[in-house]
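Shared between the two complexes below is subunit A, which has subunit B as its partner in the first and subunit C in the second.
What follows is the complex of A and B.
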């Protein structure tokens, strides 16, 4: 037997819930070799392969620019293989399998591998880039204006072509018409009268030089920001295109000692390859760090950090309770309604069905927020309607009951739909036969209807369980994990592992992608084990009933 | 077989055409030469500011022969997206955002310091300049500042309360007369709200970070968990659900302004962003400083500054610096931005220009007189969540001593 519904899913799923398979043709076409070539088929082939080539070439440019040769090789090989496959007449099964496989690799396997590799690094705020990036950032941000120095009106000029010629700074001493020209060699005064000084002190023309306008100058942005004119106290640098200041880079990287030195205070910070930061002798770290491999420390932190391992078990148990509770309660309610509407004595079933679908049709994202407000102690609909003053999200058990109640409301229409479908596929003769044998309604339901329903719905229940196990929205949009115990702000009573992880990684402090990736792998392992066990049990069940 | 050959020929023609288009459109992004990016300034701002900035940016572009593109990025994603694209070597040349981003942007190497002359700095409100200074460097050019104040329904409460006790007395009286249902609309929520409770926390003697010799916040001197903070939370607890019932978790960011505009409370603690709603609701209101506890320290709200930053990885840094250091510092842009989003301008000249037409501005500034600059150090990120939750727990009736001590431990644990 089969149900008309395919693919995992439940009402609680947010839109865009991952790959939904749009039934690719699986019909056997062994006669393809002898099939005539139709114009439409040919056109489709040409357009699709053209697209493949176009995308490949589009993707190649950035790869070449970034000198990612491995990526380029993969791109070229994949494209060549696709052309070989679809231009030839052989390998017919592969023609159907390859697109799905490629998408699977691109959107499932690669992200999982990327997550796994991130879990071994300290990737996160303060450790995003390479060491070179960090050094550049440290040096640039340490440039300070020399105390008491003046700022000069600046013009950028060149002796050659505005687009390529070597640049010089033309600066005017404020309040005078004395113009100097500066380049990497230093500052030299220009002959009086050789330059025309405009309003505000900017040089507008100079003998032998072409003064760049903003358009020309901004095209050479990097050359201008890189041009440093040494002076006695430091160096002249540009501040934009119309002002120069005398600045000094206080901190400099020394490759010899692999350290950063501060010329003002004389302090040194030595590179520490294990934490990915420059660390001084007194333990002070420079803010700009870099990404390094930290081995298993993200994983061990889950087990050794008390704040994480302590509440982990409690959260895990509630996580199971939540997933089982929301899946189970929606299934029972949905099935009961489906049974009621399945009864031949029921009138107006279409109207009921329409009304029942309504919660399913609402966007769960908005509904969760509405429910959150309805549970408000003083202003919420629920307390006002029933004359209660329950602090719903303020106590552990009421908060847990509330989120399951919301899940029930959001989820039962889906279960109702699938149960209706499955019920219609159960032959009436079977239940009639039981009544002929003298079984009660309950006995016939227990012995015939329920087992057959479960065979059909078990895979859906398992996928619904797996989804609810990681149902981030359901918690984050209603309670955000609250209530929190007074002494532990990082783990709330309604927290699922996924919301808990999210808070650890992004919520309470700066982003820690590496650590979050490690926890994701833990969650992945738990969900995988649960799914494998339950699918195995389902198969056994099918063998029993089939 | 003939049809097949034709097909292959057609296919390659199409492939070439497709590649032609693809290659062209991608060239500026792919090639990093300054020439390809020449004369173009890309600015990221949130939706509201984008609208205000566009005419100004266009004018700047036309006058100087460059093209300026202002891209709208939703406010809540702006910082995150900027840091992400920046670490991949791309992104805008200029970014607009709150000053408390600076610590995070600097530690990720995403922004460069800005060099302003002394006259330019003097044109700004002193607090605003202090806010964008980090590690002794100026990292942004401020254009607006904001802080909390007490917004009061003058029909219900004609007098501005001098202390919290005054406020509670007035609120209770109104409640007894059935004119209101809540004493005070100060958002707490289930997770607490460190920003909104801060005036009360400081008035009761608490602090977040001590300061170093040069006036910067010192992440090593954490005030949360210290006796002062416990004493402060005891006072806050007395106003909580098990005490006076003035502070409640049921009042959250989603409903505090609406409760006030619905005339269910006479006092609202909020910032300049709330005035639009209050005006729309037709409430006669006045703005005064958030009162402190009787006999306590002055209530210090956080002062936040909105600012322009130069992206470290921008393609056109010289032009970006020119725009930020030499054009944003002129008052007309600050006035335009004020008109799009009414927060007090940070430039004194711009503030003087708009002050006469909007009395609220001066009142907000007056209310922020005792304010403390919102810390921009990266360690601040560790404060928000634990501090807020401790606040929510204490207001809900938890023991202040153990709650605040635990929060202090959590915060200290996440500051490296």
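What follows is the complex of A and C.
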């Protein structure tokens, strides 16, 4: 559909001849080498670009509604660029590269950059929002019922499904019919007439809201207790399911000293911009802080904080051992079996092959869980079969041996397959020549077969190493990092860096997104260095760029 | 050819002469030449099969608990676990979600990286080398290392476009396509490079456009590598757990990996083992089918791609 000059034809030029469009002028084209515009090609173009326009319009409405103008600008520019690119005849390589690149940028490059920027912050539980958010949270959570607090009749409602929808409080000012609706964002008066107020001031119906009946409300009593509606003088909280009180905030922010004061105890916590928290003179920190830039401290913490650097180093060493052990053992076993079956006198090799590669075709997540239960101390197959009562995942070394064994089972069929292929590519004359020269089988394997196999398979071994280095499933679905030392529940003996990172970010304890992101960057640096070094050593770069 | 030389050499060595030797020596010789190969093969098959036999017997065991499961079922055989699997869990939903996400992601990612590999292999343009290198570099940062950032980004997307947000297969599919380029592009580029340039050059001379060259000439010729990368992408996506578990929390939106792990959580772990094993067998069906269908391509595709890097 485009010019042969800029299209695949340009491949005829020697590499390095210069920019693609320096060829002969467009006017010199004859009718013969001008590729015709086919009906099918045109139709495909119209349909695909129509689809792009449709998606862009669909995506634009929510952006306008939410007033996200930067997002809208990115959307418009991207769409315009796509139209310019595919309607024109130039930029042929870009036409092939852009579709994948768009996804790459949106869902890989942007998250990676976001991760990198997160690694320099204290982002995590307790440090999620801005300083103002933290102040509101501190004040509302310190609300106490004091003598003289105003009491309101309360109805609980949702804006959707009674069981899952976001809760709101509907309260009526005592003595009047004025109804207000409150949520975590504050209290707003409802239009007169939009709500029906029943006896005792309880709201029985409100436009746009579903009022919960007693059963529905008691099913969500915990959510109701947790809901705090900030007001000017303090906050509204529920007391039971049908009453609310407006309490006074015991702790209040004072802009003058940039601190939080507790009116009961008189204690003050001063804002510390370095750590993003209010800190008292005795070092006590308030739980709600805010997100600040902490520079390199997440990185230095990994290296210098003894509670972290010790276990981190152990995890790093085990991570290497795991990746090397998994890759090496699968390669050796796969190669041995491939060598054994690689003989013209062998019969039934197809049957062997079919049965051998079955583990590779099974869903590995399920088989990892099956293996976990095969290692079960009480009912596991391994202990039953051999009459043992080993607590496999309870001791460091048996747990490590077990996960490597599982990796061996899952991985060797792949190595067997590729080794079989590579063996078939080695001419039999080579090994025959060595045996004519009087070499033993072992010598000819060492001198001829193994080097040729390694040349063919080293890129796969490197990528297998990189894959196993971050093999989250292998650990998370079997041991979950266990066994853990008694004094450190966050870093177990079989933990890889990636499972450790996941636990920091999404584990049971307080999420530490910033710290987890810093460890992600460490992992990235390690894998990158290992890969670059090994690729250089195998000299694949030169070959690929030829 | 190798068959012929192989047979001739061995035949010459111990063919007619061997008849006169005593049978013990012959057996020894047979073992040294062929027998040990069968022994290694059999041991390998045993190692491959015993966990699978365990799964099959657990799936057929009517008691359906881990503690009652043996390597060979002795307490009778029934299909009860399969019935319970569909009656007590959302297995059918999970299965369809997985097929949709893994099938869609495999197909789309193979297509996207074939497009890119064609450009990198056949065209010379500014930034080609940089492009290839950055692909390698970006791919070293596995997508799931950025899971925290992805979680936060998709929080915004869910607010704006719930149709592709959390708990939808479409959002997860898009997310997986972020990693579509990368390793697959390199593997495919290696394969594209092995095809003679004369093929597409002559088509161009005959007036074919670059799109026609790509769809009519290149794609059919690279079918083996498409099959292999497609299979690998399918297997990887079916097994992907980390992102899917963060992404899909509604019971009926889960994929097999997330849903089935839930079966073996907490107190249900022992009692659910039978239906879990039944689910494992059903989960294997699509992969085994694709595997059988593509098997003839796999060995040649993997190794030719590997040699080229």
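Heads up, the rule we're going with is that the second predicted complex is superposed on the first by the 293 of 546 C-alpha atoms of A that agree within 3 Å, B and C clash if a C-alpha of one lies under 4 Å from a C-alpha of the other, contacts with A are read in each partner's own complex, and residues count from 1 in each chain.
Please note the rule applied: a contact is a pair of C-beta atoms (placed from the backbone, for glycine too) under 8 Å apart; a residue touches a chain by one contact, two chains touch by 3 or more.
Model, not experiment: these values are computed from the prediction.
Engineer: Once chain A of both complexes is superposed, is A:100 in touch with subunit B (first), subunit C (second), both, or neither?
Structural biologist: Only subunit C is touched by A:100; subunit B is not.
Engineer: Identify the partner contact of A:129: answer first if only subunit B is touched, second if only subunit C is, both if each is, neither if none is.
Structural biologist: first
Engineer: So in the superposed three-chain picture, is A:310 touching just subunit B, just subunit C, both, or none of them (first/second/both/neither)?
Structural biologist: Touch status of A:310: no partner.
Engineer: Compare subunit B and subunit C by how many residues of subunit A each one touches, and report the one with more.
Structural biologist: Touched residues of subunit A are more numerous for C.
Engineer: Is A:114 touching the first partner subunit B, the second partner subunit C, both, or neither of them?
Structural biologist: A:114 sits against subunit C, while subunit B stays out of touch.
Engineer: When the two structures are overlaid on chain A, which partner does A:373 contact: first (subunit B), second (subunit C), both, or neither?
Structural biologist: In the superposition, A:373 touches subunit B and subunit C alike.
Engineer: Please work out whether A:239 is in contact with subunit B alone, subunit C alone, both, or neither, and reply first, second, both or neither.
Structural biologist: first
Engineer: Does subunit B (first) or subunit C (second) touch A:295, or do both, or does neither?
Structural biologist: Neither partner.
Engineer: Tell me the contact category for A:503 with respect to subunit B and subunit C: first, second, both or neither.
Structural biologist: The answer is first: A:503 touches subunit B but not subunit C.
Engineer: Have a look at where A:219 lands relative to subunit B and subunit C in the superposition and call it first, second, both or neither.
Structural biologist: first
Engineer: Using the superposition on A, tell me which residues of subunit A are in contact with subunit B and, in the other complex, with subunit C.
Structural biologist: Touching subunit B and subunit C on subunit A: residues 62, 373, 376, 378-379.
Engineer: Which bits of subunit C are touching subunit A when the two form their complex?
Structural biologist: Where subunit C meets subunit A, its residues are 2-3, 5-7, 9-10, 33-34, 36-38, 40-41, 44-45, 47-49, 51-52, 54-55, 66-67, 69-71, 112-113, 115-116, 118-119, 122-126, 128-129, 131-132, 136-138, 140-150, 152-153, 159-161, 174-175, 177-183, 185-186, 189-190, 197, 200-201, 204-205, 207-214, 235, 238-239, 241-242, 246, 256-257, 260-261, 264, 269-270, 273, 276-277, 279-280, 283-284, 287-288, 291, 298-300, 302-303, 306-309.
Engineer: Under the touch definition given earlier, write down the residues of subunit A that touch subunit C in their complex.
Structural biologist: 1-2, 4, 7-13, 15-17, 19-20, 32-36, 38, 41, 59, 62-63, 66, 68, 71, 92-93, 96-97, 99-101, 103-104, 106-112, 114-115, 118, 333, 336-337, 340-341, 343-346, 349, 352, 355-367, 369-371, 373-374, 376, 378-379, 381, 384-385, 409, 413, 416-418, 420-422, 424-425, 428-429, 432, 456-457, 459-460, 463, 466, 470, 472-473, 476-477, 498, 501-502, 505-506, 513, 516-517, 520, 523-524, 527-528, 531, 540, 543-545
Engineer: Give every residue of subunit A touching subunit B within the complex, in rising order.
Structural biologist: My answer: residues 37, 42, 45-47, 49-51, 53-58, 61-62, 64-65, 87, 125-126, 128-129, 133-134, 136-137, 140-141, 143-145, 151, 163, 213-215, 217-225, 237-243, 245, 247, 285, 287-289, 307, 373, 376-380, 391, 393-394, 479-480, 482-490, 503, 507-511.
Engineer: In the complex of these two chains, what residues of subunit B are touching subunit A?
Structural biologist: Residues 3-4, 7-8, 10-11, 14-15, 17-19, 21-23, 25-27, 29-32, 34-35, 37-41, 64-66, 80, 83, 87, 103-104, 106-109, 112-117, 135-137, 181-182, 190-191, 248-252, 254-255, 259, 312, 315-319, 321-326, 378, 381-382, 384-386, 389-390, 392-394, 396, 398-399, 402-403, 405-407, 410, 413-414, 416 of subunit B touch subunit A in their complex.
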